[in-house]
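What follows is a set of structures to go through.
Here come two complexes built around chain A, the first alongside chain B, the second alongside chain C.
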Partner chain A sequence: MADLQEQISKACPDVQIDNSGQWPLLTVANATWHETATKLKEQLNFDQLMALVGVDWGDAIGVIYYFTNTQTGDIIHVKVVADDRDKPYIHTVSDLWAVANYQEREAYDFYGIIFVNHPDMRRFFLRNDWVGHPLRKDYDANPELNPIRLDDETNEDYTCRYVEKDGKVVKIDGKVFEDDEYVINVGPQHPSTHGVMRYRVSLDGEIVKKVDVVSGYIHRGIEKLCESLTYPQTLLYTERMDYMAAHINRHCLCLCIEKALGIEVPHRAELIRLMMDELMRLSSHLLSYGCLTMDQGATTAFFYGFRDRELIYDIFDRTCGARMSMSYSTIGGVVADVHPDFITDVRHACDVIEKNMKEYHQLFTGNVIARNRMIGVGLLSKEDAINYAITGPSGRASGCHCDVRKTHPYSLYDEFDFEEVTRTEGDSMARYMVRMDEMVQSIKILRQACDKLEQEGAQGEYIAKVPKMIKLPAGHWYQQVEASRGAFGVYIESDGDSKPFQKPMRMHFQSPCFNLIGVVDLTCRDNMIADLITITASIDFVIPDIDR
Partner chain B sequence: MKHEDFKDNGYIEDLVAQLNGSGVNVVVGKADQLMNWSRSNSLWPFCFGTSCCAIEFMCLGAARYDMARFGAEVARNSPRQADYIMCQGTITYRMAPVLKRLYEQMAEPKYVIACGACTVSGGPFKNSYCVVKGIDEIIPVDVYLPGCPPRPEAMFYALMQLQRKIKVTKFFGGANRKEKLTYSPQGAKAE
Partner chain C sequence: MFDFSTVTMWLDEFLRGLMPSWLAITTECILVAVLLLAAYSVLAMIYIMYERWVCGWIQCRRGPIRVGPAGSLQIFADVLKILSKEIITLWSTDKFLFFLAPFLVVLASVLTFACLPWGKGLQFIDFNIGVFFIIAVSSIGVLGILLAGWSSNSKYTLIGAMRSGAQMISYELSVGISILTIVCLAGTMSITGIVEAQADGWFLFKGHLPAVIAFIIYIIAANAENNRGPFDLPEAEHELTAGYHTEYSGIHYGLFYLAEYLNLFVVSGIASLLFLGGWMPLHISGLDGFNAVMDYIPSTLWFLGKAFFMTFIFMWIRWSFPRVRIDQMLALEWRYLMPIGLANLVVMAIVVTQGWHF
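And then the complex of A and B:
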């Protein structure tokens, strides 16, 4: 830690470093931000931008960046404040970390922060005729300004760029597609886009030249809603973002709040949470198997995947009382102890799925059509995966060691014996195979967890003593977990308000799928248009998790 | 299921009274019955899954729940081939014109099931700046199905309610001529 601080102050002498939190906080002036960022990346090797959080502190607007060094696992965060609150300008870092491209567009949409030199400064979630920037504290929520518009939205063929010229920021118009390009529309409403995602695809014959992602068809404004709720109330939204990682997302938010409050969670509760997380991962990968196969025309395989998911749903149903959106984890533990048959059920599900894994491979993995459509298609190199902050199975298929359970162990993962599955090919087949192999690892974890839970006895302490009113001290916290599709992060900033029902000042969810959507253009380019669907299916994103 | 096992039988009884009151001759009446029986047992859904409910809908299509028992397994991706929209998931302001347009592209007679809390009222996202507070603000709804998300069993219940509704409509000169009626989005609730 001290080492890192020394290195930073040596490379960037004009930066203030605050070491009071979990990770060093750097405060950088906007004028020197791009220069400092270049040094951070090139000299100190912070090669991955984990999260980019726009924040409105009331008197100032700025951005907090979380960087990680994928080799050493060091994390730093950087605070950059815009000079003028009404017309906030911050220099872009999208030329250094490609993932910042969409992240900065999100911050522009939410806060109106203009990123100077960003190549494509359009809104990301909201319609282009939207009035105002909703997450600003001075946003006018008058419904007359933004009614439900039932007229069709015009296509955004024009984009713009802001550049610095003689100390002033000027706007330069640009185009998304050239006049002679042949552009077709895919989505927003088609099952094969796995939700409501829209692509505008420029074609040359059958070859994809460029994909323009139009997102926001399921943008529900969760981050803004969280600012009007108390901490226990915000928990429910985590399950409705990536509903295939409901337990895991909720676990993450609970961990973040517990970290802020300093609550020690009982061992049993953490064990139950971990088991639920792994069951969720199994369920998610089975769904992903089902959808990937169905997108290639193998409807039977879809039924096989869904047959086994029902076993996991039954376990959730018996213990949590719901098949989906379980609302099981809570601040300090879990809401109730497990069902008496829980361990038997989990063991049974593990046995059945392990046995059926062979069937999946026989049915699909060796199939000549599947192999031809997946091997060597949709390549993503390791460098790109790091640059675009691709985590989860898709990142590991490109050879990144990005499993948060191994790199920054949380919960009880360091007590368990399992392997991080990685491959090096980086194609659709590798992404598919990583998921299949991860299911085996999840089963391995679950079996160990069953033994541990059995040793704890039939009943035990499942929730810690938590104050009735959850009040966080002033400060900010970030927590990451390994969700089904990659690293899921929660950022909480509290102003330490002393009123009885404290509300978060800012709550940001760094979803893995948001980063995954960033590589659609990269992986689909120069492939056939028919492979667009299989590539996106193998990348496997959940749209509500992107849009939030 | 028997008639008395269903809840909310009032509106079905109203429809029956309406049907009996209008007076139709025997031939058209019998043809109506035949039409309605066949239509209610081959309802083709239009996939309109935006979020969580869509996953439960997929379970409905898969082996354990098997929607095919109700003749409703032929999920269509084109509105022109579908009989009803089962709207699963939140509808945002950006999606609203798309939903309306797809609804208008469907051929008459057409039906809408609002599946899940979000489509009924906005659900947990009711206070959001860009979520439609119930799809009945945009399109007429036949069956409201609460739940977040509803269980597959509940989805079947909604499907059966829709079947019952279809069975007591006047098809000739009624449901198949419905396009002449205009629907105003402001104020008016579902028919």
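And then the complex of A and C:
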């Protein structure tokens, strides 16, 4: 740690470093930010931008960046405050970390922070004609300003960027597509966008020339909503982002709040949470298998995946009382102990899925058409995966060792024997195979966990003593877990308010799918329109997780 | 074996006795047309149910079970539904072509349907270039699909139609070549002639290796010709929502649907005609008792049974394979199927001239 601090102060002498938190906090002025960022990336090798969180502190507006060095696993975070609260300008880092492109558009959408030199400064979630930036503390929520509009939103054919000229920021208009391009609209209602996602695809015959992602059709403003809820209430929203990683997301928020409160969670509770996470991952990968096969027209394989997923949902049903949105983890542990047959059910599900996986491979993996459709298609290099902060199975298929369970172990993962599945090809087939192999690893973890839970006895302490009123001290925390589609992060900033029902000042969810959507254009370009569907299915994102 | 021509002859004489000969022929034509269309629609309904059950069975599901005993009335509900649905006419479509397109597709499928050998002496159209006629009229369908895609004035349908045009025209070559291989073996283009030639053994068994290769090429190409999976690119649901018929609704959509299922029957029927002896019972030379028993099964049942068996194979393929991509599909045809088919035709010609077949 001290070593890292030394390196940072050597490379960037004008930066303040605060070492009081879990990770070093750098405070950088906007004027020198781009220069500092370049040094961070090139000299100190912080090659991945984990999260970009816009924050309104009331008196100032700014951005907190979380960077990681993918080789050493070091994490730092950087705070950049805009000079003017009413017209906030911050220099873009999208030229250094490609993932910042969409992340900065999100921050612009929510806070009105204009990123100077950003190539495409459009809103990301809200309509073009939305008045105001909703997450600013001075936002006017008057419904007359933003009524429910009944007219169609105009196509976003125009974009703009802001550049510095003679010390002043100037707006330059641009176009998304040229006039003579053949643009087709995929979505928001389309059989294989896996939800209400919309791409505008420029075609040359069957070849995709450019994909413009238009998001926000299922945007619920979860981050805004969380600011008006108490901490236990915010837990519910985590399950409504990536519903295929409901347990895992909720686990992450619980961990983050527990970290802030300093609560020690009972071993049994953490074990149960971990098992639920792995069951969730298993079910998510089964669904992903089903969707990938169906998007290529193999409808039968889809049913195979769904059939086995039922077993897992039955387990959830018996223990949590619900099949989707289980609301099982809570601050300090889990809400109830497991069903008496839980261990038997889990073992049975593991056995059945393990047996049926041979069938999946026979039906689909070895099929010559499937192989031709996936091998060498939608290539994503390791450099791009890191640059675009692609984590999860899609990142590991490109050769990144990005499994949070291994890089920054949380929960009880360091007690378990499992392997991080990686491949080097980076094509659709590799992404598909990583998921299939991860299912085997999940089964392995689950079997070990079953033994451990059996040793703990039929019943035990499943929740820690937690204060009735959850009040976080002033400060900010960030917690990452490995969700089924990549690293899921939660950022909480609390103002330490002493009122009885404390609400978070800022809660940001760094969803893995948000980053995944960033590589659609990169991977699909110069492939066929049919490959667009296969590639997006193999990248495997869940739309509510992008839109939040 | 019962010969249906006795019935038709009797009817013909009966009608001629009642009315002048031109009127008798007109009446017969109308009767035939009514029968044909009735058989067409009934078979379509059977086929839709058949597909649902087979698909359900393959996919570990039960298929339709709610309407009527074991879901048997489901299809009537579906037909009623599609008949009563609103036909949505779009702005800025080419109305005439838009409405013409589904009828062209159905026309092609009815015309080929009429050529099938339904049973001994039971055939709607039978003349000496029957097979040639089948190949000719089945090509009208692609015109309907192209028109549908073009006149809808939508980008999805246009891509679907273009794919379909490229696909059907390419694969028609392979279908044609494999049919030609069998014509070469049979020595006639007449449908009755081809069936009669298989009295002592079906061509699939008689024709040595070339017939088997032709059979496999036919199965692949017919699947593609039919726009069925793994070659269902023109309507690739997951890419183009519904391809060329995206903008159609109500009975117009129903007509495309109908034609698709009937085309499935037609290609199965042609496969059974060319390779499995049409309505000809299974005869094994030498086993006279066995042959006599086989003759007791009515010829129509033989034909339908073979067609349904072939359909099952088509469905099996449809529900097992993922979809190919357009470039892979064209490469398969032009680089593999057609050269192999042409070589196979030459081999078949040699086999026939040398008399190596059974």
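Rule of thumb we're sticking to: the second predicted complex is superposed on the first by the 548 of 548 C-alpha atoms of A that agree within 3 Å, B and C clash if a C-alpha of one lies under 4 Å from a C-alpha of the other, contacts with A are read in each partner's own complex, and residues count from 1 in each chain.
Operating definition for what follows: a residue touches a chain if its C-beta (ideal position, glycine included) is under 8 Å from a C-beta of that chain, and two chains touch if they have at least 3 such contacts.
All values reported here derive from a predicted model rather than from experimental measurement.
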Contacts of A:E206 with chain B and chain C, given as first, second, both or neither: second
Chain B versus chain C as contact partner of A:A370, first or second or both or neither: second
Contacts of A:G195 with chain B and chain C, given as first, second, both or neither: first
Which superposed partner A:K224 touches (first chain B, second chain C, both, neither): first
Touched partner set for A:Y182, first chain B, second chain C, both or neither: second
First, second, both or neither for A:M324, with chain B first and chain C second: first
Dominant contact partner of chain A by residue count, chain C or chain B: B
Partner chain(s) touched by A:P544 [first = chain B, second = chain C, both, neither]: first
Partner chain(s) touched by A:R307 [first = chain B, second = chain C, both, neither]: both
Set of chain A residues, in rising order, touched by both chain B and chain C: 190-191, 303, 307
Interfacial residue positions of chain C with respect to chain A in the complex: 55, 58-61, 155-156, 159, 229-230, 232-233, 236-239, 241, 319-328
Chain A residues touching chain B - in the complex, by the definition given at the top: 125-127, 134, 139, 141, 146, 148-153, 188-191, 195-196, 216-222, 224-225, 228, 236-237, 240, 243-244, 287, 290, 302-303, 306-307, 309-310, 313, 323-325, 543-544
Chain C-facing residues of chain A, complex: 182, 184-185, 190-192, 203, 206, 293-301, 303-304, 307, 363-364, 367, 369-370, 372-373, 528-533
Residues of chain B defined as touching chain A within the complex: 47-52, 54-56, 58-59, 62-64, 75, 77, 89-90, 92-98, 100-102, 124-125, 127-132, 137-138, 148-149, 151, 185
